[in-house]
Every structure is written in C-alpha cells, then in structure tokens.
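By written order: A, B, C and D. Residues from 1 in each chain.
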Amino acid sequence: MTPDVISANPAPAPFAIPVRIYYEDTDIAGVVYYANYLRYLERARSDWLRAEGIELDVVQRDLGAVFVVRRVEADYLQPALLGNLLTVTAEPIEVGASRMTILQRVLRREGERDTLLFTARVTAAFVAADLGGPVRMPRAMRDALKKALPPAITDPA
Amino acid sequence: MTPDVISANPAPAPFAIPVRIYYEDTDIAGVVYYANYLRYLERARSDWLRAEGIELDVVQRDLGAVFVVRRVEADYLQPALLGNLLTVTAEPIEVGASRMTILQRVLRREGERDTLLFTARVTAAFVAADLGGPVRMPRAMRDALKKALPPAITDPA
Amino acid sequence: MTPDVISANPAPAPFAIPVRIYYEDTDIAGVVYYANYLRYLERARSDWLRAEGIELDVVQRDLGAVFVVRRVEADYLQPALLGNLLTVTAEPIEVGASRMTILQRVLRREGERDTLLFTARVTAAFVAADLGGPVRMPRAMRDALKKALPPAITDPA
Amino acid sequence: MTPDVISANPAPAPFAIPVRIYYEDTDIAGVVYYANYLRYLERARSDWLRAEGIELDVVQRDLGAVFVVRRVEADYLQPALLGNLLTVTAEPIEVGASRMTILQRVLRREGERDTLLFTARVTAAFVAADLGGPVRMPRAMRDALKKALPPAITDPA
C-alpha cells in the first residue's frame, strides 16, 4: 500500500466529546480521582451510541436489554487537573453478536498538540435487563456500531 | 419537669453509623467534597431503615414504592478530612402517612468530645416506583419509623 | 412601571450550562440520585466564575483561598431521567466581602417550555485554602460577581 | 512439597473489608455502576495500609509523596445489588522500590460459600506529591507492605 492510497482513504477520526474537570472530579492529591476516568469513558460511549441513533433508555425500555461492562484495561499516563478541558474518545475495535470492544483515550490539548493522559480498552456485553444472559443485538444496531470500526487491513494485490 | 424526671426518661441516642473518609471523598481543596455528605446521609437513613426491618430493595419489589428526597436543608460547619472516622446520625422528627422528616448530623470524635461538622434536615416522600404519586406507608412500616421519634413534650400536670 | 419600561430594561437571563444525564448519574429508582444535583450546581457555579474571568485553580494558587459551601437549601420538584439534557443556572442574589449567595435551578425543556425540576439556594464563603478563616475577596473579583446581581428594586419616583 | 507442609504453612487470608451497597452505588440498570468498584478497591487498599501503620494523609504531609494508580485490569463477573454486604480484598503480589501491584477481589457470601463478583489487578506508583516523579518508599514502609506478600515458592530440596 502506498502513501497515496493511505491519504486517499484516511481512517476517520474517532468519536470524541469534551469533558471539563470540576471540583467533583478531583481528590486531595490535586488531580482527577482514578475511578472518575471510567465515568468519562461511559459519557463518550453513551454519546457515541446516541450519535448513531442508539438511545440507551429507549433500548432498555423497548428491547429489555442493556450494555454491561465485562472488562476494563486502563493505563494512567499523566494526571488531569482542575479546570482542564479534556477530549475523550470512543472507537470500537471489535463488534460481535452480543459484545463489543472499544478503545478509549483521554487527551489534553497543549498548544499545538494533544497530550495523551489515559487510555483504556473496554469490553461490553449486551444482556437482558434482568441480567439473565446475553442478547443478540438487532441487525440495525450492530451495523450502526460497525460503521465506526477502523478499516480492515486487506490485501491490496 | 425536674432534672430527676429527665434522667429517668432520657431521650434515646439517635441511630448512628461510622463513615470512614477515603480519597474518593475528598477534593483538591483537601477536604470532603460538599455533595458527598448527602451520600453519607443516605447511608445512615438506609441502615436505620434496615435496623427497623425495612429493606429498601424488598420495599421497591414488594410494594412498588420508593422513598424520594423532596427537600434538604444542610449546614456545613467544619470540614471533614482524609482518614477521619465520622459518626453519621439519622433521627426522624416527623412521620406522616407518606412523608417523613429526618434530622441528621455528622460528627467527629476528638479526644473526649464530639465536634459537629455538618447538620441537615431531610424530607423524604414515599411514592410509587414509577414516580406516579405518593403512596401511604403500610401501618407496620410507619409504626417502625415512629419508634425512633423523640418523646413528645407532654403536659406533666 | 409600564410594560414598555420592563421591556426596555429586562432582567438579564441568568448564567446557564447544559448538563447531560448519563448512567453514572442515575440510581436503581431509575432517576438521578439526589446528591448528584449538587455536582451539577457546582459545575454551573464554576463555569459562571470562569466566564467572569475567575479560574478556581488560579485563585487557589495565587490567592491561597477557596470557596467553600456553608449552606444549601434544595427542593426536588420533578425527577431528571437518563438521557435528559438539562439546563443548570447560577445567579448570585447577594455578594458580600467574603461570602455570596447563589440561586440555582435545574430545568428540562419540554416542547415549547421549560419544566423546573430542582431549585437551590447556596451560600459559599471565601476562605483561606488552609481553611483558617474568611478572606476578603479582591475588589475586581467582587465587582465581577456583582455584575450578575439582579437589578436593585429602586424607587422610580 | 507435601500436603502436610502446605497445611502447616497456609497462605494467610488476604486483608479484607466489608462494603455495604447503597442507592448511591447503583444505576438505572439496577446494579452497581461499573466505576464504583474502583472506589471499593481504594477503600480496601487504604484500610490495608492503615492496618500496616501507613496513614496516607500523614504520608502526604510528612514524606511529600502519594500513591497514584498507573494501571488497572478489571473483570466484572457478576453484578452486585442494592443492600448487598460485600467483601473486598487487597493482596500485594509485587512490591518494588517505588511501585506495587495488588490483587483485589469483590465477593458476596451466599449461604455457605462466597461468589466472586469482580477481580482486579492494580499497579500503583509512589510519587512526589507535586507529581514530579517516582519516590523510593522508606524501608519501613516497604517492609510493612511486603509482610502481606504471598509466600515465595522456594525449592524444598
């Protein structure tokens, strides 16, 4: 694959939301409390789903199903601080019948460039709202989620 | 009323629970974040109800009703700090058919005496779980709640 | 006072921010957990101060002082729900040398009109960051805060 | 190594604390919100350190250093529910000069046995309180932390 081909088919920018840091987010060490990053991740995932037409309250009411997180791998690289305006991304990297894995980043713009503060890989399952077991996502939902998958590396030959 | 009579019928100590302060509770100012006191109040109210045989998850399932807070008046007197072991009280001062008012305090023991850090008056209503409107508490529940009311000031004559 | 005079000197709209409701905000009763409203109030107060040029992290570092909440009176009128996009206001009604009182509302737009969900009156003191005692606000800060005070009721005669 | 030797030198039970689940912990899906497990982990780590004579507020003041989390790997196995009384453990599995890794579990007793709800591996670094870089733990602190390490597998020959 040549650079020309790459620039002709750039990977789309991942879905992102702004998150402002308030007193509620900080702790006595003067930085954002470590559990709170998972709240920001959920905000970005929810807004990404809403942008794809998937409202979680409607899903719970109409399909009787909810997304539950099964696994989180999180790396804390640099602390976020009071007053920071962060960028939080949500980028699916795998979408199955009743499960998906999302790559998420927290960044802070500093002058010309973004500093990566935090990165996580989150696996969520789609399950019955009574938590009885996995539920297959409707085809339209799954297609919507797949739209944001990175382009597959295919053989150009 | 004479001192003898008072000591013969002391007011019972209000229901109280211990609450330890962790990093999650503090903010960058080095003290407990102001909204978190309301979490401690709810812990004390829930444990008080449980001690009276009222489990909120059972109530929601069996009676289809929940307590919702209607009003809070809160005074912040002294800050609580990381590592503090606090005492949080719950003391009903009025119990109606579908509403109650609870006096709550947060104290910190210092040597021989307690320092009052925070005080609140919380009014809660008993409503349908679909939030459709007020629900009369069952007689047994109401009687249990009333047990902790302070003794009425009655005419001794 | 005639309608003409009113429309010529309308009260300015209070400072307001949008707040989206996520899973993190709700509880098992299906509505926003009561302590979380105080987090939204703080977000609106912080953003109002920032809009007036007052950054709380800079204030803490440069003046060695912080705002601490002394009193909250809160009324819960209607529950906020998952997915709601709320409006949260901050409107000072009294600004003293080292203390201010702010009226705050949480509203939800429904069709043509706003439904009032929650209202609070918050009193905050400006104190030394080591919590040693009250600090007089710098004149410029106080003037900035007073700009948003409602117009005084003056004798039109 | 024979069974006799094993029973003569059993691994000590890991440090554990009770955690009660309240309304504040749940979300609209009726279970504990996923970020909140990280709060329980921190409570168990803090209480374990306190039990070893290490008070985090004293450490921050006297040594000018704090523990910050660098990495979390978390698996959500079964949901915790309103009213549950959980057990949360903290068990160091590696203690270095300025870093440690802790294995943590959340369990719920059901009749005769414990059900494992959640498990995590948390890596924390000891850094300057101004977040300037890693700090070597004092020898006494490191020795205290190492006391709870599982017994090394040594050659019995």
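Just so we're on the same page, a residue touches a chain if its C-beta (ideal position, glycine included) is under 8 Å from a C-beta of that chain, and two chains touch if they have at least 3 such contacts.
It should be emphasised that the depicted structure is a prediction, and the values quoted were computed from it without experimental measurement.
Colleague: Quick one: point me to the chain whose Cα centre is farthest from that of subunit C.
Modeller: Chain centre farthest from subunit C's centre: D.
Colleague: So which has more C-beta pairs touching, B-D or C-D?
Modeller: More C-beta contacts join the chains of B-D.
Colleague: What is the distance in Å between the mean C-alpha positions of subunit B and subunit C?
Modeller: Taking the mean C-alpha position of each chain, the two centres sit 27 Å apart.
Colleague: Measuring centre to centre with CA averages, how many angstrom lie between subunit B and subunit D?
Modeller: That gives a centre separation of 31 Å.
Colleague: Which integer distance in Å separates the CA centroid of subunit C from that of subunit D?
Modeller: Chain centroid spacing, subunit C to subunit D, equals 39 Å.
Colleague: Which residues does subunit C have that touch at least 2 chains other than itself?
Modeller: In subunit C, the residues touching two or more other chains are 23-24, 28-31, 35, 39, 42, 57, 82.
Colleague: Which part of subunit A faces subunit B closely enough to touch in the complex?
Modeller: 23-24, 26-31, 33, 35, 82
Colleague: Contact residues on subunit C for subunit A in the complex?
Modeller: Against subunit A, subunit C makes touches at 20, 22-24, 39, 42-43, 46-47, 50, 55-58, 81-83.
Colleague: Per the contact definition, I'd like the list of subunit C residues that touch subunit B in the complex.
Modeller: 28-31, 34-36, 38-39, 42, 57, 60, 66, 68-76, 79, 129, 131
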